[in-house]
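First chain A sits with chain B, and in the next complex the same chain sits with chain C.
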Partner chain A sequence: MTTFKKTGMQTINFDNPPVITSWACLVGPKEGEGPWAKDFDRILADYLFDEDSWEKAENKLLRETVKLALTKQDLQTMEAELLLAGDLLNQTISSNYAARELNIPYLGLYGACSTMAESLLIGAMMIDGGFFNRVVSATCSHHYSAERQFRFPVEQGVQLAASAQWTATAAGAIVLQVKGQGPRVTCATIGRVIDMGVDDTNNMGAAMAPAAVSTIKAHFADKGLNSDYYDLIVTGDLGAVGMNLAKELFVQEGLVPAPNYSDCGVLLYDGLQGVNAGGSGCGCSASMLCGPLLKKMINGELNRLLFVATGALMSPTASFQGETIPGIAHAVAIENA
Partner chain B sequence: MTTFKKTGMQTINFDNPPVITSWACLVGPKEGEGPWAKDFDRILADYLFDEDSWEKAENKLLRETVKLALTKQDLQTMEAELLLAGDLLNQTISSNYAARELNIPYLGLYGACSTMAESLLIGAMMIDGGFFNRVVSATCSHHYSAERQFRFPVEQGVQLAASAQWTATAAGAIVLQVKGQGPRVTCATIGRVIDMGVDDTNNMGAAMAPAAVSTIKAHFADKGLNSDYYDLIVTGDLGAVGMNLAKELFVQEGLVPAPNYSDCGVLLYDGLQGVNAGGSGCGCSASMLCGPLLKKMINGELNRLLFVATGALMSPTASFQGETIPGIAHAVAIENA
Partner chain C sequence: MYEEKNEALKAAEKQEYKDLVNRVKPKPPLLVNCLWAFGVGGLICLIGQLFLNYLLNIGMNKADAGSATAVIMIFIGALLTGLGVYDKIGEKAGAGSIVPITGFANVIVASAMEFKKEGYIFGVGARIFSIAGPTLLFGFVASVLIGLVALIIK
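Entry: the complex of A and B
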């Protein structure tokens, strides 16, 4: 008989914390020009990656990232027991076609840009629950496939709003195992869908900020921890506008905005890259996690990380029908043993 | 320390099988004119369900179905600890907006028409793994929202191919609990993405049949069972064309096509309803399971059911780019104690 592992309303604890034994991150040219170039495994020379469409390039990006994460542990693709993945494209085609090529048993997810956290926490439950020894959690996004699906084809040259964010071209993959060396997933907080009425499809940060704060608040309430427990609390892709809103909401909610709080959308690019309010897309938080952040954990620069990937559940169809944009955020605690 | 619950390559066993304590099914007018009308909880009078778009009607359909499944156990919505849901619409908007209204912690899935099985097996892992006491697994589809997204707006009056199927207007929701009265989820087999090169978007049954056979073959190999173990093996929505292909593939693969094998797409409508090759959509297998099949289980007409929901991972974007249509299938064993 297993023990009951839930704490409070939204948080689950892992009795035998699954280990992040390897990970990989491939990014596009623009991400490779930013401040973290040396922390990524590979920087693509162009956006097509030897394919004939951006969508096919995105699929290849995810596939190669999963393979590389496994290769780092000298694992063959077939040694992965399960792939948990999702992406931004309609019908999550990058993940579906990657899963077809990889031939790993597959469960598809849709959490928009929260997918890195969603796939990690589901994978951790499946390992701690005793069902699998080795799971791969992964996600990706591609600037040009996302822009033409969600907003305008970039060839159209529409001027971006100051609050708009730059969808990252990047994929991240994490190998979770029941045993091994590496940082461990110790607990996770599952988010609710929060919608404060934002209807501006060029301001995803504002749409997601309340969800991020809701999940972070639930995490600390459920765990009975102070925000200084973590060396870093990092949201997914709120960007500059959303991060400032989140800081205001922390105060309104009676939470101290931790000096150790930041956002992957703010961190991914530097200030001269013309990305307006910052990075976004599933690959934004995935590349920060699977690039610099996990590297800082194995270096001991970080020992306790709360990774809070955020998703704007935006749909052009729903927006055209007058709907507002709901947000969601899931938090995953990653700690050195 | 938990025990290791995996059998063979793709199958997981539940030590303490989660209990299906209640369930609900709402269907559209056409589904209510079929052979199972008395087995559904509610038949809608029209396709708009007092909303102003089909997409909003689909969201309401899912929301009301989840509420009804909980109400049958005298549970308030807030007593559900987690909602696992997905649907066919881009960005899974039916599920996202339903989760917003229901305010239950939420993990979004994309498995196309395999979602009822995917949500059930993930929910069962989370309960047997000791993380939750009460999870709701749910999915839905709507004929008119799906047709205009994937093929043509129905107003266009395009003549359907003989192999085309009718996307069901239906939602199913299942309350899974750690204890209680009801059929139990005893094991599950997670599918691989299989693509045999079908590129006809009007023949989803052919695209999915190899995935169904792959998963069923893996299930029986992993479990060491004969196909007569189950009173009924039912695939999701292969329809008449896909089901006949599946039967041929069973023979090719050395599996005896069980006399107790059928398909929800063949069963959902009668032969006079003008649905060509049969039913499809997430709601097709969900409504057969949450309508007649679970009723037959509590009546004792069925004691062992292998529910194999099938998904065509079809995307208009991928099809326009020349891609073929991958399929996936997940199997869930439901047994009376």
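Entry: the complex of A and C
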């Protein structure tokens, strides 16, 4: 008889928690000037990465990150059984082309900036379900390829709103295995699409904050945990505005995750780097997780981490047609054994 | 009935959230931004005026000098865009560098540079006016309408 692994409304438990055996992250020059430079595997010297377009650079960024994560376990690329990846570009071209080069069986995902959590939780399900032994979950974003798709040409002189965020140039990849050394993915909460009517494309943090709070609330309700269970609850890329909104919403919902609550968008850059409200993009939460956060778990500074990557499901076409911006967030619990 | 109530409740929730967002959202430094826009916009106009005066002094008639000044200013805007300077100015100056004719040159050259990777036909050719297009279209429409009005009044 099958035992169901779902608990409560939205949460799934992993009976045989998959192990995060290795991970890697590559970041762009600006991210390398931030406070976490020593925690990233590699900092690119320039945004083109020896390619001739931003899109090709982004594809290479993802490809190299996946390879590096596998190399750390002395694995050949072909030893990976499944690649779960996604990015921000139309038709998720960065991931598709990276998968073409890597030649690993591939499922493409789109969860906007929530992709790191989405790929991680699906990968964990694949392994706990007994379908695969070794899965790679990965995502990436590139500042300039995202700018030209979602906003303006790079050289155009525009003034950004103080609530606008800076799309990170970064990629993160995680190797999940049935057995091995490392932190484990113990459970995950799949988020609902929440739309509170925000239509300001310069304020994505506000569009995503209600989704983040909804998922975190569901996680604690489903698991019956106190909010101090985790050493750190970290949202993906709400930025300064979204994080403040999330804190207000936590109070309204009767949750008290502070002081062990933070946001990757706020953490990734120094305040002086001219990023307005902070970082965003798939690579923002991916590089924070695959850089400083997992390192802190290995060091024992953190033992229980709730990683809540957030995505604004924004489309320029829908926005021009007067649609509001829906948000989504997925939570993944990572714990030391 | 139940659905209606649900809708009303949802609308109220959204309004409440909107108020919260407006409270939390950082206010733009309006005075500083205005001063920057005034300073940079004024400087661009001053440079244009210097060219105009110079051209008039060397004996060009008023209409020709005006056209030549516009050409020079567009060239400067395009050159600064190509050198990657204009977007830095725009970050600070906002409308101060968008509204003058140099800003118009900036959006066209920026689009051309951006879409060159997709080739000269489907990239540059098709998308060079992706930002400036509305200005051109409605500018042409307005000029035609004004021309018609002038014709009728005459």
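Following the convention adopted for this analysis, the second predicted complex is superposed on the first by the 334 of 337 C-alpha atoms of A that agree within 3 Å, B and C clash if a C-alpha of one lies under 4 Å from a C-alpha of the other, contacts with A are read in each partner's own complex, and residues count from 1 in each chain.
Keep in mind that, in the parts below, a contact is a pair of C-beta atoms (placed from the backbone, for glycine too) under 8 Å apart; a residue touches a chain by one contact, two chains touch by 3 or more.
Note that the structure is predicted; figures quoted are calculated from it, not measured.
A.B. asks: Any idea whether chain B or chain C touches more of chain A?
C.D. replies: Of the two chains, more chain A residues are contacted by B.
A.B. asks: Please indicate which partner A:Asn203 is in contact with in the superposed arrangement: first for chain B, second for chain C, both, or neither.
C.D. replies: After superposition on chain A, A:Asn203 lies in contact with chain C alone.
A.B. asks: Would you sort A:Thr92 into first (chain B), second (chain C), both or neither based on which partner it touches?
C.D. replies: First partner only.
A.B. asks: Have a look at where A:Ser53 lands relative to chain B and chain C in the superposition and call it first, second, both or neither.
C.D. replies: both
A.B. asks: State whether A:Leu160 touches chain B only (first), chain C only (second), both chains, or neither.
C.D. replies: It touches chain C, and chain B stays clear.
A.B. asks: Touch check for A:Glu31: first (chain B), second (chain C), both, or neither?
C.D. replies: In the superposition, A:Glu31 contacts neither chain B nor chain C.
A.B. asks: Mind working out whether A:Asn103 is in touch with chain B, chain C, both or neither, as first, second, both or neither?
C.D. replies: first
A.B. asks: Taking the superposition as given, does A:Asp222 touch the first partner, chain B, the second, chain C, both, or neither?
C.D. replies: neither
A.B. asks: After superposition on the shared chain, which partner residues are touched by A:Glu64: those of chain B (first), chain C (second), both, or neither?
C.D. replies: A:Glu64 sits against neither chain B nor chain C.
A.B. asks: Could you give the residue numbers on chain A that contact chain B in one complex and chain C in the other?
C.D. replies: Residues 52-53 of chain A touch both chain B and chain C.
A.B. asks: Would you mind writing out the residues of chain A in touch with chain C in their complex?
C.D. replies: Those residues of chain A that touch chain C are 52-53, 148, 152-163, 196-198, 203, 206, 210, 240-241, 244-245, 248-249, 277.
A.B. asks: For chain C, which residues are in contact with chain A within the complex?
C.D. replies: On the chain C side, the touching residues are 13-14, 17-18, 20-21, 24-28, 33, 81-82, 84, 86-95, 97-98, 103, 106-107, 109-111, 113-115, 117, 131.
A.B. asks: Flag every residue of chain B that touches chain A in the complex, lowest number first.
C.D. replies: Checking each residue of chain B against chain A gives 1-6, 9-10, 12, 15-16, 52-53, 55-56, 81-82, 86, 89-93, 96-97, 99-100, 103-112, 118, 122, 125-126, 128-133, 149, 190-195, 313-318, 321, 323, 326, 328, 330.
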